[in-house]
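By letter and in written order, the chains are A, B and C; residue numbering begins at 1 in each of them.
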Amino acid sequence: MTWDIFTDLSAPIVMGLLLGGLYALIALGLSLVFGVMKLINVAHGDLVVLGSYLAYAAMTLLGFDPILSLVMGIPVLFLIGYGIQKFLMQRAFGISMEAPLLIAFGISLVIQNFAQIIWSPMSRGLNPSYAMETFNLGVIHLPVVYLLDFIAAIIVMLALREFLKRTYLGKAINAASQDNRAAQLMGINTERTYAFAFGIAMAITAIAGVFLGLTFPFTPQSGISFLVIAFGVVILGGLGNILGTFIGGMILGLAQTLGAYFFGAATQMLWVFLLVFILLAVRPQGIFGR
Amino acid sequence: MVSGFGYMVKMEKTHQEALLEVSGIDVFHGSFQALWDVSLSVRPGEIVALIGANSSGKSTLLNAISGIIHPTKGNIKCEGRDITQLDPFQIVGMGISQVPEGRRLFPGMSVLDNLIIGSYSGRARSNRKQNLERVYELFPRLEERKNQLAKTLSGGEQQMLALGRCLMSDPKLMLLDEMSLGLAPIVINELYKVLREIRERGITILFVEQNVRRSLEEAERAYIMKTGRVVLSGNVAELREEEEVKKAYFGI
Amino acid sequence: MNITLPQWNRGLIFAAAVIVLLIVLPVIGLPLNWVLYLFLFFLYLAMANMWNLLAGYSGLISLCQAAFIGLAGYTLVILSWMGIPFYVGIIGGAIVAAIFALLISIPVFRLSGIYFAIGTLVVPEALRIIFLLWRPVGGGQEGLAGGGAGYVLKGATGVSMTELYWFALIIAVASVVFMRIILRSKLGLGLAAIRDNDSTAASSGVNVFRLKLSAFVIGALITGLAGAIFYIYQSYIEPISAFNIRWTMTLILATVIGGMRTEEGPIIGTIVVVILHFLLARYAGISLLIQGLILVIVMLVVPQGIMGYLRQFQVYRSLLQFVTRR
């Protein structure tokens, strides 16, 4: 009889783990921006959802497959990120402590309202044919998208890591985040470097948005849930720690799927919020943090 | 012979346009005035010392030259061009590089990466390979430890890395802020020896050094600062005779 | 606490005259529309003052004010279902909000600045979900938006608009007086020190945690009070609007436009915001967009707000001197 419980639970457990990949992907952009510029972008969740909407637009207007639409989505979000940092945040840093936060808050609401005007408050989803497929893992049936999410997360994270380690720009980003002044003294244009970093973070966010849209339905209001998730992953995993980010994502994913399993789907986000809150109370530096 | 470091300079000190010319600058930290009407000049190939007690404004002056902070009055010129309001990375591009106080290495990056980052500016990037070889020649220990993380090096090795990193930017003028801070005398000696080799390649040096005697031994000219002003300047030989300076052996 | 009573000067006389005028307005036949807008102005002012206390003077960018408003509102409504009169209900709401602030302060105060903001951002959202699922008094009103999670206030017809208006006016004036007193008190100085530098303040003997907590709880109390009064007016409550981010946006805009860290700022800012709401009433769909843009632009161009900007001018300073002379 105990085996029954095991098989019953195994679906939400595996799904939670795979979901962790998606959450790690969502958190990656936030983590990059925070690690480099010490800025927590409260508009992050809304930017992820914006990525989802862009893919949706490509799908409904041009008939593109969402993943392929990234060819357009990535540059668009890259430019948006570059612009936000260069024209808004850079200035905000010099104004006051709270300026970047308030500006990001403003941007967040602008994006939410913008999405609502164009795409209405109805929930949308990215539903190409393969989004409906399931596959079998032993006795469990899992949606294919969950696996795709996980694979995508791994690919993007490895790509980012190599980029930061091997390219000049990557090293400059690294240097600027470790010591801004020293980086400037080395001849690095830190303003431009930050703008690139934000742009790259947004490019990753575009990818996250697409996979998000493939996995869950979304509304203009969804942004805050994903901000909380990203934030939770960053706290759990510690900054700059790729493995930690993955594990953090998985823990939150499990909280959601198991919460949904035991208490019903309507409450699932609540468990995630609760977990993040408890984490903040107990160990704000994260499991892997210093 | 064209070297990777510095630029080819004829060692005639007759008609030389100043490599660096600071004219009457005032610098403020918020509402606090750190520099008062400071002037200074450095000619190509020279080695000039900045001497003074702890809050005399030496670091502020170097930071003003490097563009970290901007003067509210006066100007700074490099080879005749006005660099007063330029950003730090542009000033590095013009050939003025600083080895900051406390070294400020990138602790999480390897020795090699730290050196490579030093050659970020466009000018230096094309000579990167040669410059790297020269740095390894000057500091063989850095080559040995090239894959180690910067934070695992000893104090002296870190200073060498900081110097090497600065050299990678192909500077014409090196600004050294308290190179000897926290280092043992033997190590300091070694560093100054290397500094002499660097000079032989045509690089000009402006350095800040707490140890007055050492400064006067190594420099050709010096500026003495006190509470944000230049109180004395001139050839080292003349300065040694000055009453103020004699007091400095005990006083400053 | 050393309260220095203000001397009568021109400015104070002027303020007193204005208040008397405001008291009398609804009685002498001001159109209901205007009464309503003034009513909202008073409530927003009280809340904006509190936000100024938190964000402007204490460095706590709280994005969870909507939580206090909604909780106070729900408390009021629930109490009304249990037959408890409004006067008690309002106070009950305020107390519930304050207790809630106390509870969440434990996790949320471990976070500084930016982390704090996100932590507080989550709270109203979580409450929204909770109240969507939880039916405190069993069976909501079907037909109201929010899938039956909305509640009507029982006995809402027992209070006149004029009475509500006076309630709100009292709260608004109280909040202004309160700010004046607090900022000159030990609490105020301590908060200013904390805002400047947490660790320096701590090493000077300031009990950082307790001061922040005081500001946070007091802010919750008064914000809750104002919120509860609002729900007497609106006479129904539902999760999606009770815990909506629009509240937060309104308060932030009012304080930022008027001038953070100034006493008069929230007053001016709230006037602007109420006018803005009036103008945007027809464009509810894009109102948040416009407000967001305004926030970004104001932060970039005039971050010190109207009052902060005016202070730079000699004209204003002279005016101030004129007004404060006896």
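Everything that follows uses one rule, which is that a contact is a pair of C-beta atoms (placed from the backbone, for glycine too) under 8 Å apart; a residue touches a chain by one contact, two chains touch by 3 or more.
Just so it is clear, the model here is predicted, and its values are computed rather than measured.
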What chain is the most remote from chain A, judged by the mean position of CA atoms in each chain? B
In terms of CA centres, which chain lies closest to the overall middle? A
Chain A to chain B, mean C-alpha position gap in Å, rounds to 44
Please work out the Cα centroid separation of chain B and chain C, and write it as a whole number of Å. 55
If you average the Cα atoms of chain A and of chain C to get two centres, how far apart are those centres in Å? 33
Which chain A residues qualify as touching chain C in the complex? 39-40, 42, 88, 91-92, 95-99, 101-103, 105-110, 112-114, 116-117, 224-225, 227-228, 231, 266-267, 269-270, 273-274, 276-278, 280-282, 284
Hey, which residues of chain C end up touching chain A in the complex? 55, 59, 61, 63, 104, 106-108, 110-111, 113-115, 117-119, 121-122, 125-126, 129-130, 132-133, 245, 249, 252, 256, 260, 285-289, 291-296, 299-300, 303
Chain A residues within the chain B interface of the complex: 168, 171-172, 174-175, 178-179, 181-191
Touching residues on chain B, where the partner in the complex is chain A: 66-68, 87-89, 92-93, 97-98, 100, 104-109, 113, 116-118, 120-121, 124-125, 165, 169
